[in-house]
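Several structures are given next for inspection.
Okay, so subunit A shows up in both of these, paired with subunit B first and subunit C after.
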Partner chain A sequence: MRNLLGRSLRACATLLGLVAVAFVLLRLAPGDPAQLRFASADAVEAGAAAEALARFRAEHLLDRPLHVQFLHYLGPFDLGPEGHALFGGSGARPLGGLLAGDFGREYLRPDVEIASELLGRLSITVPLALVSALLAYALALPLGVWQGLRRGSAFDGWTRALALLAYSAPVFWVALLLQEGLGPTGLDWLPILGLRSRDAASGDVADLAAHAVLPIACLSYASIATISRQMRAATAEVASSDFVLAARARGVPERAVLWRHIVRNALVPAITMVGQVLPWLVGGSVLVETVFEIPGMGKYAFDSLQRREYDAVAACVLVSGVMTLAGLALSDFLQARLDPRVRDAGR
Partner chain B sequence: MQVAELSRTLPGAWERLRARPGAALALAVLALVLSSAIFAPFLASARPYTLLAVDRGAYETCLAELEPLLRGWNARLIEAAAAKQALREDDPQSIHAAWEAHAALLREVRAVDLRLSTVRRYASAEREAQVPLDALELRLRGWTGKVHAGELDDLGPAAELAASAALLRESHRPRDGSGAGMRLRLQRTFPLFSDLAYWEWLAAFAWLGALVLFARRAGPRSWFAAAAVALLLATLCSAVFRAPSGLATREVKLGIATGALEFSSAWFPPIPFGRDETRLSEASRPPTWMASAELDERGRFVRGPRALHAAGELEPAASPVTVLPAEPALNSPMRHLLGTDALGRDVFARVLWGGRASLAVGLLAALGVLGIGVLAGALAGFLRGPFDAACSALVAVLQSFPPFFLVVTVAAIGAERAASARIEPLVWVTLVIVAVGWTGIARLVRAEALRVRELDYVRAARALGYPEARIFLRHVLPNVLTPALAAAAFVAISAMLAESSVSFLGFGVRLPDPSWGALLQEARASALGWLVAAPGALILLTCLALAWLGDAARDALDPREDR
Partner chain C sequence: MSKAHASPLRSAFLALAALAAPWTLACRPEPASGEPSPPPARPAASLDTTLPDRFRPGFDPRSDALLTPRRGGKIVVHVEALPRQLNYLLDNSGVTRRILQELHGTLVARDLFTGAHRPQLAESWVVEDTLVRRDGRRLYGELVEQGAAWRVVPRSSPGHALGAAVDVAKADVARIERGTVYTFRLRTGLHWHDGAPLRVEDFLLTWRLTRIPAVRCDEKRFEFDHLVHAEKLDERSLRFFYDRQYFGAEAVFEALIPLPAHVYDLRDPAHPAARPDASDEELARHVNEHPANRRWIGIGPYRLVEFGDEYVEAERVDNGWPAEDAGWFDALRWRLITDDALAYRALCAGEIDFTSRLLSDDYFRASSDPEFTARAYVGHFYTPRASYIGWNLRRPQLADARVRTALALATDWDGYVQGFYRGLAQRVTAEWFDGGLDYDSELAPLPFDLARARALLAEAGWYDRDGDGLVDRDGKPLSVELLTQAGSRSGEVFLQRLQETFAQAGVRLEIAAVAWPVLIERVREREFDGVFKVWVVPIESDPAQRWHSREVGTGTANETSFSSPEVDRLIDAYTSELDDARRGATSRELQRRLYAEQAYDYGVKVPHKFGASLRLRNVRVGPVDPGFRLREWYFAE
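This part shows the complex of A and B:
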């Protein structure tokens, strides 16, 4: 119980750190963000720009001290002139900031709420990442076990070399090559842009699957390399340990030795890697979604960076951080489920 | 991973590393890639190593400019004299005006000097050619002396000087087709070398020295000697070639072709194309060893327009390709081994130059990550207490972001602020990669330091009463290096991949300075297949060699035989 409490406290502190990083990121934007953003507006747009500038300043309390700006950004109370009555506001908009689930709006498209936009984008990125992770595990675990059991064989050597190759290949380059080779300019096997054809019905699963093949392949191939590497090392280590020898000596059937003794124990470190694989997939989604023009969170972050929608960028960074923390929690949980030593230590 | 102390593992580690299959090949590949990047300015440039030529264009310009310059000089002189007369001790504005006028006058004198020395260098060495120059220069010197001394009263001879410059223009006219006029002297210049910066010389010599010493398995003392020699040579070369080459014509090949450079002999690098040398008539040409790259003399593709243009896009009007001196023939396979991009720049030259940025960022970032990670981790593990707590909290926060995501956003958002602080984009990307990436190594090293600090030899040192700083530097730090060394190659890989990815997205090393990632960004924009292949393949090759070595190093540093 104490463990749990300490853990959640630490998680809260880390979350606060995440918000601080996002806030610093926003302040990294050059000069007074408002000024710079609207400096380039020409005379025709000057009126609209001035209005947006005023809104921007009011929303971000740019003339207030930094800690007030941070608290305002964090929420859950809006500290602005229309904010909560306790903090000198008019009370028209008492809640705001991240803790109130408010990520702000885009500047150039004020009717777009970042939070809802991001939610829509996540409904594309998260399934993609999950399918890629599942695929990577489904391929890498058997591969790693096989390599670990047949260490030093030709199969082991070749697949390890292949894994190093996959590890070293820049994902955007592989994506470009696949687009060129399998897209309309090459063999014309698969669609290479977007997630659905222009003329496809909304529930067309086959069309969706065809569009998702290349992005998922690009997202998962590097993870296959890292996971299989881990699985190979773990399998090799477990297979040469004393309890496996003892099990064989007791006459436990080879099938049972493999599944109950070797694989089950070797799985733990590989499963724990979920905590590293998921953030890698989210980070890689910026590249893959940009190359394949998939309207997910990565593409949103890229577009926002190009349009200087820094609030949206900070929101993406924050969400990716929360997803990473979730991945780490998931890996802790799985480890505890799989490994009785960890489970009992927690009690 | 069970890790032994470095002092015990390192001696045998190198031999174990070398013994791995493919390790020598990986080392060779890495050395080749690094060499091509370091020597890129020597390998691919539009400017020759040496050139024996008359810069006729520069000579004529200088000769023509002398007279107007001297007239302008006269005007400045009158202004300066007037300002001096108006000078009053108690009026700061008049003092300022006099100072400005004086400075303008000196600038003019310097400009005249420069033209005069160029004319003097090219004009024939015969007496009759040099005498009027001498006279002019003598009077100029006298005048400069007067300017310096502040005696500006006599204004008459300045107009006279301008008149003699006009005479000079007649008498020193360069020889033209009819054979009349002055015969000019050939000058030997080193256009390529005089373009190089000090650090480029230094990198080239240091790398050469390192290769030689590595091949000869030299001891540490010769490494120091080699470093000193490299420093000396670099200083010497940059001092010798830094002197103005006297070649005003930047485009040597074009100068030779148009006759602005009266050329006797030149020695061009093997790839006689600059990284930014655009040639629109040859744009989007496939690699020249491919049949589809064949051009006819009117600049059209012999095998018809490419698919891209056949699809209804407007094909750019073909114009004849001019083959400049020193370049391979129009349809020679060696002309553009890797094709040209949408602006007609040679891809091979750009890829060579691009490696400089990519490898520099990758290796520097890896060094930074290792340095900061080892130091922070070792200190945190050794000191424990508040520093450890702060460090671990920072690591926890930074590690709860997808690292690449953070690198991209920080690099992009901070780019303008970095630019306004005069930080080069290349340096900025390196800094961001280091700032985000040091945490992994720090965690590894911290765990190791926590273990080492409880070992007997550390306790013994403490019992002997050694100061903490000495215990840390002499006993702890060297012994926590092993995990960092084992991970070094992988750190370099992730740094290189991060740089190329950031540049690919357009937030890293900015064009026109090529890096492999930035080249791929261009390739994506222009949709020409041969642009995609080369830069990515080089990233892959470099990272693969590094990964192979890293794998071998990890095993070599792990003393357990059973692997």
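This part shows the complex of A and C:
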């Protein structure tokens, strides 16, 4: 219980730090949402843009010092013109900010609540990431075991070279390559736009699956490379350890040696990587969703960054942070389940 | 090399991809020479540009008959961004305009080909003049000169204040203002998409909202600044009053889109939460945050059915819209594809039926791409938009018109037209619509002439004193930084060449390719030497914002900080002139003055390069933004 409490406090502190860093960096970046809001030719023609800019900035506190903006964003008190009366607001909207469970609204689409938008986007990104993670593990674990057991063979050499290539290939480049090669201007095997064909029914699973193939491939290939390398090293190490030798000497059947002694022990480091894989996938989703025009959280983060939607980007960073911490917690949990030494050390 | 794409980064990676994976090369046939395929044949100059399907392979609209139009099908059109919302008062982006063109209506609409205004939600309108007496009283009606008097004849009815003609002695007249009172009579039988009838109050609400500062319509508000009064005459008639004579008055009613008062106006008795005492601030908040801004209730022949993260979709509705203009498709979808290169592939895959944003590389390769030609064809059209280089006159090295002219002479626009656009772009010399009466077509673009550029620079005191290849003065070399938007393929091609030609003239050019928000900020704050942009020009362009000295300052449209009393005078004369011939003459004089100053080096009119499905028929493209109307098109099958 105490351990859990300590971990929770550390997680909160980490998230706070993450939000603070993201908040400051975003606002220090050149460009601002007010300029973008009034960037159209008509707005420039208006001539009265200076007034409009000032009004927009005041409404969103963009003209206030950075620490005031941060406290407003953090909450729980709204420091805006309609915020808490204690801070000079009209009192119409006293509470707001992260601590009040409010991610805010977009600057350019004020009727859009960031939380609900994000939720809708996550319903696309999370399934894609999970399927990619499952696929990565499903392929990388047996591959790593196979490589580890046949160290130095031609198969090991080729697959290691391929893994290295995959590990080094940027995801957006691979995505473009696959679009070009397998899309309509190439072999025309797979769709490359979004997650649904123009006339597909909403429940058409086959259509959805066809659209998801390339994005999932792009999201998972680097993880496959990384996990298989890890699994290979662990398998090789465990396979040459004394207890495996002893098991064989005791006449334990080879199948049991493999599954009960080698694979089970070699799995520990690979499983703990889940804490890294999930954030990679979420990070990769920014590129993959942008290239394939998938309206998930990654594309939302990218578009929001382009539009200088500070609060929306910060929300995406926060969600990514939460997912990273959840991944780390999951990896700790799994490690404890698989390795009694870790479990006992925690007691 | 396999194919070229939007950015060098993209091209580089695809080049690497081709090296790393030879199988990608085998996917598509390429011209044997390795050279880019030839551009598609351009239509003969004499061919009427309004002819339908004139770009479709094998179809000659002069001799072939179009198929009989039939209703049905869903067209999917590419958009590069989705609108923030569909309330045009709050979001006047180009995409919103394009969508509302099909979903909504205005009092007057512009003909796609002639640019002339025609009635749309109005059945008819009457324009009258204002006579201002020396005692300050204003009379309106048709002004007819009668010797020593002006006769004011009421033309609009009902509700005209005069009732009968009145003569006013010229001695009692302070001034007359032509074309300042507009009286509209609405069509009957039109209904909003929620079933409520169209009312005069819907137009008055829009006008009223533009006068409430808290309504987020700052981009639109200025258009209505001089529309000082509006009134309801009866259930079908309304009248607007201008406070000045203005050449672009009629165009304002194109922008005055009605809003359903029973939905937006808290003070309207038909509103479900009507409150006659609602304050302006309450009304503004109600409008700014109303869900109908996204779940749009329009008056056009199509009603919104979905506004998601991927597309906007509308379907046909029977709401009394005239059948001859109600379109042929059963449904319209605007599909978001942010990457224009991906739009090309989507067209090949049949995921979309039309895009007007083909990249130059894709446009020129399309005709030799069997995946493309199996489903689609390409064409192009022009709307008033031109690329230009604007110079910041506050920079000491750019304050001299001779230096700016020299820089223009050192710019190889013709090479750009022939190289990047393969002759498809057209040189322009001013911001006015070059198909209009106000454009001076006799003004020739400056040629690419390095010798003359160097001579002009020397005349201005800039020549190479230290033998380093750069002209200098007061110990400083002539160096300029040019801002441009990062990721623009055409910009990169042009600016690389510009760097070479400027260097040949002895000028150091530094290119700052920055993100759009940064570019906007730096131009607004005047933190730039020069900027390379594309300007989308209204048909009736008001030059005051860009060139009048009263607009000098930060954050205004006069980004070069240009100031000239003579130009101010010409602008004032131009904007208040209603006679086309006289305004044209003033405009041409104004253009010559601006041309001599070269604060803007106008470059080329950029073509819209489109790809259209072979299934489409009656595809006409014209010069008025956005250049096409989906309601005219239909599917062949």
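Assume the second predicted complex is superposed on the first by the 287 of 347 C-alpha atoms of A that agree within 3 Å, B and C clash if a C-alpha of one lies under 4 Å from a C-alpha of the other, contacts with A are read in each partner's own complex, and residues count from 1 in each chain.
Following the convention adopted for this analysis, contacts are C-beta pairs under 8 Å (C-beta built on N, C-alpha and C of every residue); 3 or more make two chains touch, one makes a residue touch a chain.
These numbers were taken from a predicted model, which means no experiment stands behind them.
Engineer: Identify the partner contact of A:108: answer first if only subunit B is touched, second if only subunit C is, both if each is, neither if none is.
Structural biologist: Once the two structures are laid over each other on A, A:108 reaches subunit C alone.
Engineer: Going by the contact rule set out at the top, does A:257 touch subunit B (first), subunit C (second), both, or neither?
Structural biologist: neither
Engineer: Just subunit B (first), just subunit C (second), both, or neither: which does A:191 touch?
Structural biologist: The second partner, subunit C, only.
Engineer: For A:293, is the partner it touches subunit B (first), subunit C (second), both, or none of the two (neither)?
Structural biologist: second
Engineer: With the two structures laid over each other on chain A, which partner does A:227 touch: subunit B (first), subunit C (second), both, or neither?
Structural biologist: A:227 sits against neither subunit B nor subunit C.
Engineer: For A:214, is the partner it touches subunit B (first), subunit C (second), both, or none of the two (neither)?
Structural biologist: After superposition on chain A, A:214 lies in contact with neither partner.
Engineer: Using the touch definition from the top, say if A:312 reaches subunit B (first), subunit C (second), both or neither.
Structural biologist: neither
Engineer: A:267 in the overlay: touching subunit B, subunit C, both, or neither? Say first, second, both or neither.
Structural biologist: A:267: touches no partner chain.
Engineer: Which partner does A:14 reach: the first (subunit B), the second (subunit C), both, or neither?
Structural biologist: first
Engineer: Just to be sure I follow: which residues of subunit A are touched by subunit B in one complex and then by subunit C in the other one?
Structural biologist: On subunit A, the residues that contact subunit B in one structure and subunit C in the other are 30-31, 36, 170, 172-173, 176-177, 180, 185, 290-291, 306.
Engineer: What part of subunit C is in contact with subunit A in the complex they form?
Structural biologist: 2-3, 10, 13-14, 16-17, 21, 23-24, 27-28, 74, 76, 84-85, 92-93, 213, 216, 218-223, 288-291, 293-294, 308-310, 333, 335-339, 342, 344-346, 348-352, 369, 371-372, 514-518, 520-521, 524, 535-536, 542, 545, 551, 553-557
Engineer: In their complex, what parts of subunit B are in touch with subunit A?
Structural biologist: 307, 393-394, 396-406, 408-410, 412-414, 416-417, 420, 493, 497, 500-501, 504-507, 517, 520, 523-524, 527, 529, 532-533, 535-536, 539-540, 543-544, 546-548, 551, 562-563
Engineer: Please give the residue numbers of subunit A that touch subunit C in the complex, ascending.
Structural biologist: 30-32, 35-36, 38-53, 55, 108-111, 120-121, 170, 172-173, 176-177, 179-181, 183-188, 191-194, 196-199, 290-291, 293, 295, 303, 306, 308
Engineer: In the complex of these two chains, what residues of subunit A are touching subunit B?
Structural biologist: 10, 13-14, 17-18, 20-21, 25-26, 28-31, 36, 164-165, 167-174, 176-177, 180, 185, 236, 240, 279-280, 282-284, 286-287, 290-291, 301-302, 305-306, 310, 313, 316-317, 320-321, 324-325, 328
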